[in-house]
Every structure is written in structure tokens, then in C-alpha cells.
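Alright, structures below, take your time with them.
After this come two complexes, each holding subunit A, first together with subunit B and then together with subunit C.
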Partner chain A sequence: MLVARGIFQLAARRGVHTTRILASTAPAAADASSGDNLILNFSLPAASIYRNKPVASVVIPGLAGEYGVTKNHSPVIAELKAGVVQIVHETGQAPEKFFVSGGFALTHANSVTDIAVVEAAKLEDIDVEEVPKIYAEAMKDYNAAAEGSKEKVEAQIEVEVAKSLAGALGVALT
Partner chain B sequence: MSAAATTYWRIAGLTYLQYTSKAAGVLRAALKEPLRTKTMAKEKIFFKRLEWSPKMIGQPVGPLKVEVTSLK
Partner chain C sequence: MVARGMASEKEIAARMKSTAGINKITKTMKMVAASKMRGDEDRLKAGRPFQKWVDGFTPPPVLLEDFAKSLDKLPQSNLLVIITTDRGLCGGVNSSLARVMKHMVPALDKEKKDVQLFIVGDKGRATMGRPLGEFITQINSDSGTPYNFSLAAALAQDVTQIKADAVHVVFNRFRSAIAYEATVKTLYPPAALTGEPYVEYEFEPDTKTEVLDDMYEMAIATTMFTSMLESAAAEQSSRMNAMENASKNGEDLIKELSIQYNRARQSRITTELVEIISGASALEG
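Now for the complex of A and B:
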């Protein structure tokens, strides 16, 4: 009978949901229990912009719309559109802005948020003069391309990203 | 007219990687000079490939780098 109880306990321990085991062995930083901060991982394919950084909130440009994440946000997986990621490091500060071309953002139940993008740049690193030129060039290619062709779609991608860039920088497009 | 069940780029035959790489390319083209040349270099993707055969033992290995163009 004692042996049977031991087997049940072993089975119960093995049957415990994986995420609970992982959570108990997660590094202390991932608990995010310090204040009202969430942990941010903001990365590019070859480099990490922020890793395990406690921040107050992030505004993420999701495909369905921009949304803000603070501590204890419900878990989300969102595909990103070309837009601006705004990171508020401490409540009350002005947000730090990065223009991203697209990617994915995951918010986990333990308030860790991962943003994985292909390319990101600070707004001050973007050439304001270039954006209307890129837009004009892309519109020309779009109008000249055949309906449903690959060239038209590639031009459409350029038009959309150029429009987002112009919107983020406050540049007027003709 | 009903809404498409999928994205415009998928309909035209692009994969997500091609779409996202194109969008990143537009952002890189809009950057200011020193950062721009640095990040433009990221667009070049190479892979190295080697088919081994016993003849290669003791021989120096020739040029292997192949540029990946499928994401352009």
C-alpha cells in the first residue's frame, strides 16, 4: 500500500503541467515582482536591443492595431505591422521610440514581453528627406505594374512601409 | 466582393520571409548614412555548402560561399 502511494505521488509530480515546473525554475529576473515593471526582450535577428530589461510599459504596433502592455497584461501573440514601438522605461518619462519594419510580439503570463523584429531603427536615425522619395518611387512602380503581379505586390509593400515611416516622422507625402 | 481569406502578398506567391525581408529593406533604404551602409550589409545572406567525398582528405577546401538570393 505504501508502495502504491509512492507511485501515485511520482505520477502526480510528472503530471504537473510543464509551465508550472518551468516557472518555478525561472530566473529571479523573470518574476518581475520588483514594482510594476514588465520584463522586455527586444531583439533583432543578429543582436539584442534590450534583454531582460524591466520597463514600465510598451506600445506595440500590432497588425490589428496598436496596443499597450503593462505588467500583468493577459498573454498575447501579435504579428506586427511596420510602425513604432514605444518603450516607457519609468512611468512619467517620455517613451523611447523605435521604428520597426515587422515581426512578432509575444506577451507571456509572467509579464515577460518578447518583441522580435527584422529591422529596427531609432526615429532620429531615419533620413526625413528620403522618405517622400521612397514613397514617390514606390507609387510610380505600383501604378506601372500589372494587376496581381509580383512587382505590384513588392511595390505595395514599399508603399505601405513608406507611409508608416512618413506617419511616424510627421512627414507630409504628396 | 468578399474579403480575401489570406494576405495580398500570399496571394501573389510571396512567403512571409520574403515579405518581411522586403519591408526591412525599405526601412534600411530610409536610414541616415553611417548606419545605412552598416545595415545594408545585413541584406547579403550567404551559406556555405560542402559535399564531402574521400578525395578531399588532405586537400585544401575550395571556395564554398554561395549567396542566397531567394529572399531578395
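Now for the complex of A and C:
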């Protein structure tokens, strides 16, 4: 939970307002039997990005490593780390990428996958130049905070998120 | 001069003035509530799908009145999270919850079941603080509106630290601009689940108990967040209706008062005329 809140604050500070654009996706009719697609529900507290959307596959950043989900995947409950959710809408297409904070992903036996995260932003909407600044600031906070304090942990979360963000965008951090 | 049991002209005029003043306030409050409701409705519409991931593994929400009728099915220790409002003048949203609680909580206590109350909203403190004070473990009020997920997450952390076999989130579900219903959503902590929970699922990472604990906290935060959104929209809709009724009453009152005022004025004039005429005829005579 602390992870989730840490990134939430970070996201709020960053001020990426993608949620409004994303909310425009109208709920499509749920049809679990539609070809080789799984049904995706991808939602945030402030918006629903996809609701009952048939997609070919989705790659989820689990705490224990990234994993992909396709139709008829075995049921799995995963805790997520800050990372990239990749949604392949149709086989062969380039994935749509979202950077998400921590959260949960539940894949049910009926090929429905629920992803619930605290914040998400389209990867291409993130300002590449801001990332090293966030990282530098987080590192400064981290080094300044007393060992074992709450601030230390929060700063550590920010550092990890910034690192993960940099990795996703291919930005080099100094 | 003054008719029996009737206020003087001056008094009626003063009452008309103050009623008109109050009327202006209620009308304004109605309009403010209507516009706030639109915002709360939008947030609710955007937030409702977020609840869906929790609904898959929790019992469906029940109406508070049905919940209060089947108390014998509750486990030994219960935590009631009651979402009320911070501000008043919003019709019966808070009192309807408090009324049920005032019956239900002592009834549970009588059956030797543990009850703890976790109250969100200042009006919950005002209505339940005195009669149910001994059961209240925490009150959170005036956290500012609109509610956000950070607040829900912080409250959820407090909720998960309270030991109970079941957490019941009690709130007003927004149905439409003119209707809301008191609803209960129940969640069970992983420790209270019997047998092997979620046996058909794999866990990532495979430290199942930890994942379940975290998931439970996230589920509480999610449920509290969407409940707070529902409650906020219900509050504004109820306030809008309450203020609409108050404005209508005020207008009726003003109408009645102005009739009284005119009658009093007319009777004064008539009396004066009679006095003048009878005075004049006395001089003539």
C-alpha cells in the first residue's frame, strides 16, 4: 500500500492528466467468446481506462516479474510494482503502453482480467526530461532522510519508481 | 386595535422579511448543491468501475434494513465503517444511518458480539457520538472534499489495524438525483477466511499470505473510496431536495404572511375610517 501511495504522490506532483483522455473509451459489449480475445477491465480510482474490452493479450508488471496473459490463462492474483502494462489490442499490433503505480491484477478462470492500479499514464504522455529531475530529487530526499524513518522509505519508493520509469522510457540516469 | 391572537402589522412585516431572507439562502444552497452534485456524479461514474475488481470475491452489497434484520448471521467480532457527511442541512442521509445504528449496535452487544464503529464524517460524530460513544474506535472528519484515493488509502490502513472478523462498510448508495439507499458492503480479512481461500488462483509473488494481506488493504481502500463517492453524491442530491422543499415551504409561508399582513392593514384602515366618520358625525350633531 505504501508503494501505491508513494507513486500516487509522485504522479500528483508530476501532474500528468491522462486520465481524462483515457476515460473517453466507451464500455464495449462483453463477449468472452469473441475469438481468441481475453476481456480486460483496467481501472483507476478516478477513471476507467478499459471496461469489458476484448484484447489479444496483456503484459503485466508483477512484483515477481513481468508476465503475459492471453485467453484461457490459468487464474492468477498478482501484486503489481510500478512498471509498464502493455496491451496488445489485436495480434501483431504494437502494444499500447501505460506506466502504472502499484496495484493488483486478477485473472479469473473465465478469461476476464481485472487490473486495478492507483495511477496510470500513457507512456508517451510522460515528459522524458522530467524523469532525471524526479530521480535526482528523490535521491536527494533519500540521502537526507534519517535511517529507518518513514521519509527514508517514501524516498526509496520514489527512487525505485523513477528508476523504473527511466527504464521504461530508455532514459539514462546519472 | 390589534385583533385577538393576531400579530401586529409591524411584526408580520418583520417575519415576512426574515422568511424572504432565509428563502434566498435555501434557494442558493439548492443551486450550489445541484452543481456540486453534477461534479460528484461525474466522479462517481468514473470511480464505480474501480470497485468491480473487489466485487468478484466479496458478497454482493445488501440494503441496510435487510442487514439489520439478519444480525444472527454476523461473525463474533464486527467493525462497522460508517460513511456520513461533514456538513448538515442535507435531509435524512445521516439520520437514516444513525437511526438504524442506534437499534442495531446495542442489539448486537446484547447478543455478546463485539461491535466497533469507525466513523467517517462529522455528522456521524454528532448523531452517534453520544448514544454509541462506547463502541466508537475512530472518527475521521473534515478531511476536505472531494474525497481522493489517498485519504481512502490512509483510512484503510487504520481499518486494517483493527482486529475484526468482518468489516461492514455502511454508506448511502446514490441511485438518482431523487433517490439513495442505505447499503452495506461486507469484506472479510484473510485471517477470518476459513479453509484455503482462492484455491483456484496462483499467486504472484508466491508469498500468498502477504499478497492476501496487501490485497485486503487495497480492497478496503477501494471499497471505502467508492463508498465515499456514493455518499458524496447522495449527500448533494439529498441536500438539493431538502433545500427545494425548504424554498417551497418558505414561499408558502410568505404567501400566508402577506395575506395576514394585508388583512391587518385593511382592518386598521377600516377602523381609522370608522373613527374619523364617527368623530365627524359627532361634531355635526
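Everything below uses one rule, namely that the second predicted complex is superposed on the first by the 143 of 174 C-alpha atoms of A that agree within 3 Å, B and C clash if a C-alpha of one lies under 4 Å from a C-alpha of the other, contacts with A are read in each partner's own complex, and residues count from 1 in each chain.
One rule holds in what follows: a contact is a pair of C-beta atoms (placed from the backbone, for glycine too) under 8 Å apart; a residue touches a chain by one contact, two chains touch by 3 or more.
Given the structure is predicted, the values throughout are model-derived calculations rather than measurements.
Between subunit B and subunit C, positioned on subunit A by superposition, is the outcome a clash or a fit?
By the criteria stated at the top, subunit C and subunit B clash after superposition.
Touching A:Val171, do we find subunit B (first), subunit C (second), both, or neither?
Neither partner.
In the overlaid three-chain picture, which partner chain does A:Asp114 touch, first (subunit B) or second (subunit C), both, or neither?
The answer is second: A:Asp114 touches subunit C but not subunit B.
A:Ile134 contacts which: subunit B (first), subunit C (second), both, neither?
In the superposition, A:Ile134 touches subunit B alone.
Once the shared chain is lined up, is A:Ala46 touching subunit B (first), subunit C (second), both, or neither of them?
In the superposed model, A:Ala46 contacts both subunit B and subunit C.
Quick one: classify A:Ser74 as touching subunit B (first), subunit C (second), both or neither.
Second partner only.
Quick one: is A:Leu123 in contact with subunit B, with subunit C, with both, or with neither? Answer first, second, both or neither.
It touches nothing on subunit B or subunit C.
Looking at the overlay, does A:Gly103 come into contact with subunit B only (first), subunit C only (second), both, or neither?
both
Check the residue A:Gly62 against both partner chains and state whether it touches subunit B (first), subunit C (second), both, or neither.
A:Gly62: touches subunit C, not subunit B.
With the two structures laid over each other on chain A, which partner does A:Ala82 touch: subunit B (first), subunit C (second), both, or neither?
First partner only.
Intersection of subunit A residues contacting subunit B with those contacting subunit C?
On subunit A, the residues that contact subunit B in one structure and subunit C in the other are 46, 103, 118.
Which residues of subunit A touch subunit B once you look at their complex with the stated criterion?
Contact set of subunit A toward subunit B: 46, 82, 99-103, 118-119, 121, 125-127, 130-131, 134, 138, 148-150, 152-154, 156-158, 160-162, 165.
Taking the complex as given, what residues does subunit A use to touch subunit C?
Residue list for subunit A touching subunit C: 1, 4-5, 8-9, 19, 23, 41, 43-48, 51, 62-65, 67, 74-79, 103-104, 106, 108-109, 114-116, 118.
Within the complex, which stretch of subunit B touches subunit A?
Those residues of subunit B that touch subunit A are 8-9, 11-14, 19-24, 26-33, 35-36, 39, 42.
Where on subunit C is subunit A touching in the complex?
Those in contact with subunit A are residues 43, 46-50, 52-53, 56, 148-150, 152-154, 156-157, 198, 200-206, 211, 214-215, 217-218, 221-222, 225.
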